[in-house]
Amino acid sequence: MSQQRAVKTDSKLEKILAAGHLAVTSECGPPRGSDPDVITHKGNMLKEYVDVVNITDNQTSMTRMCSLAACIRLKQLGVEPVLQMVTRDRNRIALQSDILGAASFDITNVLCLSGDHQSFGDCPNGQNVHDLDSMQLIQTVRYMRDEGKFLGGDDIKRPPKMFVGAAANPFADPFEIRVPRLAKKIAAGVEFIQTQCIYNLDKFELWMKQVRDRGLHEKVYILAGLTPFKNAGMAKYMRSRVPGMDVPDDVVKRMSDTPKEKQAEEGLNICIESIERLKQIEGVHGFHIMAIEWEEKVPEIVKRAGLWPRPEVS
Amino acid sequence: MAQSVAVKTRDTENVSIEVPLERPSEWEPEILAFACHYCAFAAADLSGVMRLSYPYNVKIIRMPCTGKLDQSYVLRAFERGVDGAFVAG
Amino acid sequence: MNMNTPTNTQKRGSVLIVGGGIGGMQASLDLADSGFKVHIVQKESSIGGTMVMLDKTFPTGDCSMCMISPKMVEVARHPNIELHTLAQITSVDGVPGDFKVRVIQQPRFVNKDKCTGCGLCEEKCPKKTHSEFEQNLAVRKAIYSEFSQAVPNTRVIDRSICLYLTKGKCRICEKVCTANAIDFEDKGREYDLEVGAVILSPGLKRHNPWLHQELGYGRWENVVTSLQFERILSTSGPFSGEIKRPSDQKHPEKIAWLQCVGSRDPHNANPWCSSVCCMYATKQAVIAREHDSNIKPSIFYMDMRAFGKDFDKYVDRAKNEYNVAYRRSMISDVREDPETQSLIVRYTGDDGKLTYETFDMVVLSIGLEPHSDVHEFAKTFGIDLNNHGFAETSVFSPVSTSREGIYVTGTFQSPKDIPETVMQGSAVAGSAMSLLGEARGSEVVEPVLPPEKDIEGTDPRIGVIVCHCGINISQTVDVKKIAEDVKNLPGVAHSEDMMYACAQDSQAKIKKLIDEKNLNRLVVASCTPRTHAPLFQETIREAGLNKYLFELADIREQCSWCHMGENEAATKKAGDIVRMNIAKVNRLEPVTTDSVPVTPAALVIGGGIAGMTASLSLADQGFAVHLVEKDKALGGLLKQVRTTLEGAEVQDFLRTRIYDVEKHPKITVHTETVIEKSEGFVGNFNTSLSNGKQIEHGAVIVATGGEEYKPEEYYYGENRYVITQRDLELNLMEKGPEPGSSYVMIQCVGSRQEPVNYCSRICCQDAVKNAIAIKEKDPNIPVTIIYRDIRTYGLREDFYRKARDLGVLFIHYEPDRKPEVTPMGRGVSVTTYDYMMRRPVTFQADYLVLSTGLRPHPASEDIGRRFKLTRNADGFFLEAHVKLRPVDFPSEGFYVAGLAHAPKNIDETISQALSAAGRAGVLLSHDRLGVSGIISKHDRDLCMSCLACFRVCPFDSPFIDKDGKVSHNEVKCTGCGICSGICPAKAFQVNNFTDDQMIAMIDALTENIA
Amino acid sequence: MIVGKQKPLDEIWSMIKSHKNVLVLGCNTCVAVCHEGGNKEAEILSSLLRMRASQEESGIAVTNSGVERQCEHEFFDSVKDAIEAADAVLSTACGIGVQFIAEKFPTTVVYPGLNTTFLGAVEKIGVMKEKCQACGNCVLGETAGICPVARCAKRVLNGPCGGSTKGSCEINKEVDCAWQLIVNRLNALGQMDRYETLAPIKDWSTDRAGGPRKQIREEIQE
């Protein structure tokens, strides 16, 4: 496994990764309402089986409970959250103040994203912000942490100690700039990456090879994103409707060839097989299992993929 | 106002079109034609040469080409009471 | 024979044209437009020839009359053309450049100056007879005009049947004629004409199928000739376009066309192929189905000869879209079923069995043949005829007869289609111009006109003339009431009605009125402006008024003639039409037309036979020529051809042609040169060449030629026994046929199948030529030609027969069952399916000869892009009009000749080159190019250069000027007004169609309802 | 140039139908070039409104006129009394013209005939596309001449985002992904090495976000 690296924050995820273990993270979407139990229920389910849990920030521009509140709920449950922040909805003042808010609850992981365009969500007529873009947000969080200063230049009393992450989509166009873009994010200060869900393993391996060629896998922890198919319909939807998603035809065919009642199980098998194959790829430091509205299956996946029990770090 | 009815056409879902009012018997419509000198105007001449007969309430304005038509001609005609206009070229 | 023989006598600036068909008309217009006096002598009472009898033409389906009637009107109205109808030539003396001809004109019995063509006499004449024009399917009177749009449309009395002229009774026509134009004392006359050159375009007679009793023409009523069927199709024909059986007027469902009636039939009719019947039969079948979709057409033929441009595509569309059934078998006889009067036909079906099929109608595709009096005709003009009775011409000078200074065009030279006839029309015009070059303009008198009255700032004083046109208008429209009603409209200074506004005396009266009443604008309410506006415009110009201060209100064709019997409504409508035009004329302004200088030089692109022939003809006409050739030497594709089908030596001819071009003082040859940059417009081009030269010229002739297709099929290139026709011709010439060897040829290699779906027209001739060459040298060498259709059209049919007589084997193949070739040790074996014996047959061939087609030259793509000349889907240049402007491009000043336009034979290329030179000569003969008055005027102050006009103008006349703003090139403008329709700033206004004039017309029309 | 789109006739009619005497005023520069609000379109619109009025038997009088540009004081002199005679003006200029009339004729009601849409270029006749947002602080020098602020749906300054597929933006196949164009151009110019330099956080104070802007040329100011 990769060698030890210095730990800069109290983030459990950073410690696990620095210790060279394969990290496992998951994701859950906060409710479209104020009921906290949705978070606590999902938190408890994932607690034993993953190291940290991402909380999405108004994913696909659908208005939901804010990511910060859900993270605080998880924190109170003893589950380490990853605060996702999109630059679509807040300008630089709101972003910095939310980071401080999260830091005050010792939330130590943040994922910087541009966010989906508001026309996908429930308020297509709304104005978007995009004061910063995702890379500039990475710079901002690292500046607040390492320099202890606001963007405006003033000092921050008790600066936030966040382990900074970002997303990466090896399958979006134009393919030839996807690795340079990762390099750019690293230059901006990103420390861990959670990739888009992987179905085209060949293309991912090619991307990883190019990452390794530039030695980027030693500069950033890369977590391979996975989403098991519940049924053939979901596979077809992901292939055609979700931008930047690369679902090869043979995977879709494999799903649609299996009879209806067995398709969920087949989806999980594909996920497990992918994890086995991803384990062999040098530079993959862990898995980000996004079981959208299927969180209950994460334990089974983690167990069957031989990633259980989770390592203990102090 | 004229009522309209929804009609399903080949490539669009129900498009609403005005239902034409039924025609009062003694009504004489005023029709105006904008004809291109080389083809439609010549065709009108030929129908005369062959003594074909057609209703008299159409009058023809000669133009160098139908491309010369300006919306303001047609609108002017409608504003001044013309009931129907066609462009032929 | 050299193009330009020096003669000592003084040359005449006039030309005699014998025959007023489309070929003669084209020649007359080209010559008259370039300053020559033209005399057209026509045997019948009206010009028009065969084309006016046709309903539609292939391959576009345009209506024949709409294309030819504007030409006829132009001929009748042209100041330099004099029509001698009902006339014949009896003798021709003199030398090239100075002939004296004697003309005998039959009496017309109607005074052409008085007769206005109103047609009252014809209506009242009691004596009827068969109408020759309607092919005896309808009747005409003793006093008649050949067809409704005859030119001149003066009536003529047929003295063989006129009751007065035969029995001294009747004279009704004289009584009813309000213009007292009837003159029974007319004796006709005899007179001489002195001309510089003579052009023979008498056309041809249709074969009379009465000879073939077995086909039943004349016995069974429902057997008609193709020309009769053409009249049946025509809306102005006997059944006004409704397809009916002559026997019971019922709508026929099954119609059969029998091809080659009187053609390709050496034993009891004509040996040659008439070239046009396959295509007109296909067209008639297609148009019949368009008239009546439940017609089921079948065509019985030997070879489907669709060799022209886009002809194959037309036949394919007939097969697939109009499901015309094509049966490859000849019909020997037609029997009638007495009860139904339908016709029974017998032929071998695809399954080889004899099949009987009943048809409601049978159309005999009759061929063309020389007039019966052709020998006497040839004697009069002192020209030789070939053995078939056509004018004797050579492949290399296809429009010159055996007698110098006498030329021939059209079907009298050999059977051909309308575009080739029109091409030869312009070609003979070009040749006559070369002969009489320096006499141009000598016999043409420019009318002297008084200076134009300046009406600036004066109020409108409009004269309104409302015409009776005999009774044509006044029987339906109350002419006097209209003249009265408009008397005190704003701007009207005088209004009166006249019996015949277009008559000579009325013209004089109008001029007097203009002077007396100091009128400055004129409205005439009578017939259609399209034919009569120029007449009145010239009259008011002669009275000192700018000719654009005039408008003609159409109250005959568009009112009285189509609302007969509804007098009250028609009068009201006519009143509206007259008021509308008065409102417009109130706002008319005088239009000054300027002109642009023309550089009397031409740029010819391509040094093949087409480019060289065009250059020589233009140089002989006196114009400088710059001939640009991309290769090292002139000659083009023809350098690889040894002899023509007729056996003439090509290389000798080519050498003399190159010598003539290189030594001609007026021609500058630029070899190894291409066009660098070219700009300008008609008459004023400026081109820089890759050899650094900068040339100014007024016209461009594109002769970029073609390229032979290098086959990839049938192992060509891999097996040395597989050669092309060119290779075979070369080694036949050098070594002759190998004794004991055998030859197999395959036709249509790389042609007539998608994506190259056109016929290259020359490969059948090449195959037959080479086959004959082999057989004549060694008769027992087997030669087999595997073909789809042998298209040796026209007089080339003789050589197809000669090849068969010499023992050449011809076997038919279908595209879906192509011959298979397997290479052997020596030579190849070829297997093909024989439709006669209904099984495959195999030949051992020492040599497999592929007849490869022609492709457009790759350089044409660059030339097309550089000069914005469009090309069709196959890559050949697109002419302005497939039938009537076959060598012009849509944009002025550009002409095409040779293979760049479409594949063609050597003589056709030479004809087209002469034609292009003729057309270019017409343009370059003017030192200034007048710009028409009805064009768009651009106001730069209103224009904000939004470029909308720049993008939509079909003639590229708006351009971005040096100051970055849009300017408008009036020379290129045709006045269509698309720019003024789209211009957001209303910066464009078309003379005589300005927005305020159009709005004024609309307001006038809607006065009583607004 | 400034591009606008005529409002639907129903919306315009509902605006003006309560008035007695309406003047439709065209502007003959930018919105005339895109055939939406020029003097000619004003004439057509007024004719349509007159016909609508007659269909609904309302006694409204609709006249039309036009000026060269509705963003310059002096051009209004020629139509001053026409405006004052009307109790409402329907201006088919862009938003600038409508507000200019409101400023110059305080007691005259003014309505917009157009929706001003964007600053754009004429791709081909009849097709206009947005190219610039006037952010006041141009980055085109760094992005090979293609603006991510105006032409990327999420104004990503270090793009492309994860949603770019086959050269199109995630929101709509018809919209080009600006960053795909930038990458193509950088490739064409052989400047791909510049792709990895991080674009700094942008100063939006010069943009509309910084408040309505004013620009003064000292030397030609009266």
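Order of writing sets the chain letters: A, B, C and D. Residues in each chain are counted from 1.
By our rule, a residue touches a chain if its C-beta (ideal position, glycine included) is under 8 Å from a C-beta of that chain, and two chains touch if they have at least 3 such contacts.
Here the structure is a predicted model, which means the values were calculated and not measured.
Trainee: If you take the mean of the Cα atoms for each chain, which one ends up farthest from subunit A?
Mentor: It is C.
Trainee: Considering B-D alongside C-D, which chain pair is linked by more C-beta pairs in contact?
Mentor: Pair with the higher count of C-beta contacts: C-D.
Trainee: Measuring from the mean C-alpha position of subunit C to the mean C-alpha position of subunit D, what distance in angstrom results?
Mentor: For subunit C versus subunit D, the centre distance works out to 54 Å.
Trainee: What whole-number Å value describes the gap between the mean CA coordinates of subunit A and subunit C?
Mentor: 77
Trainee: So, what's the distance in Å between the C-alpha centres of subunit D and subunit B?
Mentor: Once rounded, the distance between the two centres reads 36 Å.
Trainee: Which whole number of Å gives the spacing of the CA centres of subunit A and subunit B?
Mentor: Whole-Å distance between the two chain centres: 65.
Trainee: Check each residue of subunit B and list the ones that touch at least two other chains.
Mentor: Only 72, 76 qualify.
Trainee: Which residues does subunit C have that touch at least 2 chains other than itself?
Mentor: Those would be 952.
Trainee: Tell me, which residues of subunit D touch at least two other chains?
Mentor: In subunit D, residues 40 touch at least two other chains, as defined above.
Trainee: Could you list each pair of chains that touch one another?
Mentor: Result of the pairwise touch check is A-D, B-C, B-D, C-D.
Trainee: With touch defined as at the start, can you tell me which subunit B residues reach subunit C in the complex?
Mentor: Residue positions touching the partner: 30, 32, 37, 41-42, 44-54, 56-57, 59-65, 67-70, 72-73, 76-77, 80-82.
Trainee: Going by the contact rule at the top, pick out the subunit D residues touching subunit A in the complex.
Mentor: Per the touch definition, subunit D meets subunit A at residues 153-167, 170-171, 177, 180, 183, 195-196, 198-201, 204.
Trainee: For a test of understanding, state which residues of subunit D touch subunit C in their complex under the given definition.
Mentor: Going through subunit D, the ones touching subunit C are 28-29, 32-33, 35, 38-41, 122, 124-125.
Trainee: Which residues, counting only subunit C, touch subunit B once they are in their complex?
Mentor: These residues of subunit C touch subunit B: 66, 148-149, 235-236, 240, 528-530, 554, 556-559, 561-564, 566, 569-570, 573, 576-577, 580, 934, 952, 975-978, 980-981, 990, 993, 995, 998-999, 1001-1003, 1005-1006, 1009-1010.
Trainee: Using the touch definition from the top, list the residues of subunit C that touch subunit D in their complex.
Mentor: 944, 946-948, 951-952, 984-986
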